[in-house]
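Have a look at these structures, which come just after this line.
Both complexes shown next keep chain A, but they swap its partner, so chain B is in the first and chain C is in the second.
Our next item is the complex of A and B:
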């Protein structure tokens, strides 16, 4: 019953909220009145576009001068993001779902790799939470969104690990909880910081374009 | 309209997609703190750059963000109050040079320095620009066109006096001029020789040029104070003066914020393309050196160079001073983090004009001091009179043996026959 709901209407509603919510938020940003830029650009349009595109990638790693001060947070964030990517796109069940929805498929990674990635992802998530709770800057910046978003990412990872080991409870119940936790993530995504899955590209791209316009380092 | 309403109006007016994107994108990673000298030097988390714009962010969320209705209905963002505005005053003004180092590190691509500038708009509207000296100077600038109240007539007289003192022919209010230099009020107060230097160089290369007394002081304290109307008025008077004599090049003085304003904002405020180029004085000199128009003598000295944030990181003109120093044969010992990654002198963004900010400014300067001393050069050149003044004051307090000097004046003193 719970599994049927999670797989059926639950997923449909979550997907609808996610898509409409993301569209609404992006439209709310993009439809604001834009002021034309008249200042003579230092670089032509193509170079500015390239600047935007390149910045999307280059901002992935901080400039070397910043490394000594930001390395711990960046490293943890990398472990988490890469781990999540491996689980999402390397785990056999996820590839199956992607194949069902989009009709594309690729070979899955060995289960051992997924287990290690899952463990590291979970550990990184916990470490990031501890860091957020103890680092003075993060303590000051953190809001309810940060903790809710953390929980809502933690739950699918945790239930996914339990599911793959089938160590606790029945498979059906665990699967239902796993899917429901993913749906919770989908529902919350447009409204909080998880929206950075889209905004990160837009933010870096716009900054890169604007800075390239000035001929400034991006 | 009360001060809170005025601040709110200042915050949300003119928010376009780019600024909205910046306000929406933060993931609270805290990396910006590690790029900010006020945090790095004090360890106080309040100086985290993105935290400085929190009131702007909250106002945006409640008033015009995509989910403003929910923020209002559920009370998700606190209402702006006079108390919170006052609480944030020192964060928005005293502890931000608008240097944009935070914008260089943000993994989400947020231009935090731009958000601070806009936050100051709201603070200024609410009458919260620090009164001494930033607010007072901005007020005078809006009233007279110059932060020190220098009138057109007095400026004309001053130029001729400087010309006589330095033995340089001054050209003032020529009907037509290809090149129109502007000045910074700091030059008038402290470095009048820089105006003679500009005249000397332009006379030497035989250009058609002229100072204009109907638009000359590019300092634009109003920009750093957050006074949009004052900022626009100053900019427009200079633009109109240049248009009046059919200028081809408008030259910004050795000054940081005036360059970003005139080079990157003026045309936007004006609402159309400008009929002339805007160059910082180092760009003009570098161009003339590269074209062979300006020839300089070789000097035998070792020096380091302090990049003005607004010219280099925020303005994109990092190469010009290095072209000049190479032509002069200066043995340049670059600072650690030179160029786009440089640290501010500590006085940028109007912080030098806030009396109570001095202890904090000194802490920021200490970082720069360490880097300059590590470079091991006898002289530090810069192309911003604001930076020059901050470095001189800081160096004096620290008992420095390093000389702080102007690159413009170095060129003027070494013109090849």
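Our next item is the complex of A and C:
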């Protein structure tokens, strides 16, 4: 029954909430009033666009000055982001879902690779939580959103590992829990910091464009 | 004849004690019991009276009965009819009409409180249960009349256990399983469409041998046969573990016998003994024949999300039209929020 709910009504409701939320957030941001730029642009339109595009990539690595302070957090974040990417786009069941929805597919990665990626992702997530709980600055900055978002990402990875191993509980129960945890992520995605999935590159692009307009280094 | 023991009856037919012991060994193995219980089972069987079974067929296709009768393993499933006294079964008995009715009442009266009530088929309860009648009586009224006198009820097949195909959406007859109607009797569900004959044999032999029902799972199925999934025992599971999946029913993966998960196999969520007991005298089972498991021994298998050929990884999404409406709703909400924000900020 739980699996049936997860694969049916649960999936439908979660998907609809995610779509409504994503478009709500995106439209809300795109239609906000922006201050008119009265100063003359330092660079032509093409250069500004290029500045935006370049910034999308240059901001993927912190400036060397900050490395000693941010390296551990950045490294761990990269581990779990790359891990999530590998799991999501390399795992056979996930490719199967993408194929069922969009009609496109590609060869899957060996299960062993997915298992290693899942293990590293889970370890990195736990390490990041420990860091957030113990780092004095992060303690001050952290909000309920951070912890909820962490949990919402952690659960699909954890239940996915359990499902893959089929060691604890029945396959049907584990699959239901895994799908439900993904549905929780889908529901929360537009409303918290996880929305950076859709905003991070756009935000960098806009920032780079504006900096290029002003002639500032990006 | 009714008072003779099973041992007497088998002896009269030239069946040796050694033969009975071999049968008991096979049964203990089938029921996942310790081998040491085989002699006990053989002794108990030999001393037991033939168990009265009253079999009522309700809203069904007779596939369950056909399967149980046509089994090619007379030493097990066929022989079970020697251990029991099948006192009433409409499709098999010679009597018909009022004679059959009389037989039923006599059997119930003679074995009150002792008989096993076997049910195949679902019970329609909509509109007073008029959608399935026997001798002008509704299935639900017959079940309610004969269940109180039974020692236990065997719900044979997915229809009797959970409502089965008659219960499939939109369920026009209001079909339900036995446990939805009878709440105060021990019930053993033996689901499957059809059920495996050896499972019924095992349950009957266990009851005759030990005087009680075998251990059941949370859906009242015998644990010995339904304790694991098809997937757990499937000979193709190594391919699942290696990530080797057939992508279509005629591709190279299918020819190599790879896992059928991506073609919709429900083995991972289906509890039954098909992969170990197999069908047709142990010849094969559906996955061995190249088709995924349909999950026929699970409740509501006919209405499962996505149908038979959608993998368990998938499901039923909201559809592109609903997603489009959701996107438009989101844009409208976002625009309204932006307009409200514009009014606030000069």
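Note that in this section the second predicted complex is superposed on the first by the 218 of 218 C-alpha atoms of A that agree within 3 Å, B and C clash if a C-alpha of one lies under 4 Å from a C-alpha of the other, contacts with A are read in each partner's own complex, and residues count from 1 in each chain.
One rule holds in what follows: contacts are C-beta pairs under 8 Å (C-beta built on N, C-alpha and C of every residue); 3 or more make two chains touch, one makes a residue touch a chain.
The model shown is predicted, which means the values in this text are computed figures rather than measured ones.
Of the two partner chains, chain B is the only one that A:214 touches; chain C does not reach it.
In the superposition on chain A, the chain among chain B and chain C reaching more residues of chain A is B. In the superposition on chain A, contact of A:197 is made with neither chain B nor chain C. Of the two partner chains, both chain B and chain C are touched by A:32. After overlaying the two complexes on the shared chain, residue contacts for A:22 are found with chain C alone; chain B is out of touch. In the superposition on chain A, A:75 contacts neither chain B nor chain C. Residue contacts after overlaying the shared chain place A:101 against chain C, while chain B stays out of touching range. Looking at the shared chain after the overlay, A:6 reaches chain C, while chain B stays out of its contact range.
Shared interface residues of chain A, touching chain B in one complex and chain C in the other, are 24-25, 27-33. Remark: chain A residues 24-25, 27-40, 42, 55, 59-60, 62-63, 65-66, 69-70, 73-74, 77, 135-143, 146, 191, 193, 195-196, 199-200, 202-208, 210-211, 214-217 touch chain B in the complex. Residues of chain A touching chain C in their complex: 1, 3-4, 6-8, 11-12, 15-16, 19-33, 92-94, 96-97, 100-101, 108, 110-111, 170-172, 175, 179.
Chain C meets chain A in the complex at residues 229, 231, 241-243, 245, 262, 268-269, 299-300, 304-306, 310-318, 322-323, 326-335, 337-339, 341-342, 345.
Here chain B touches chain A in the complex through residues 14-18, 20-22, 24-31, 33-35, 39-40, 43, 45-46, 48, 50-51, 64-67, 103-111, 263-268, 270-274, 277-278, 312-318, 337, 339-341, going by the rule given at the top.
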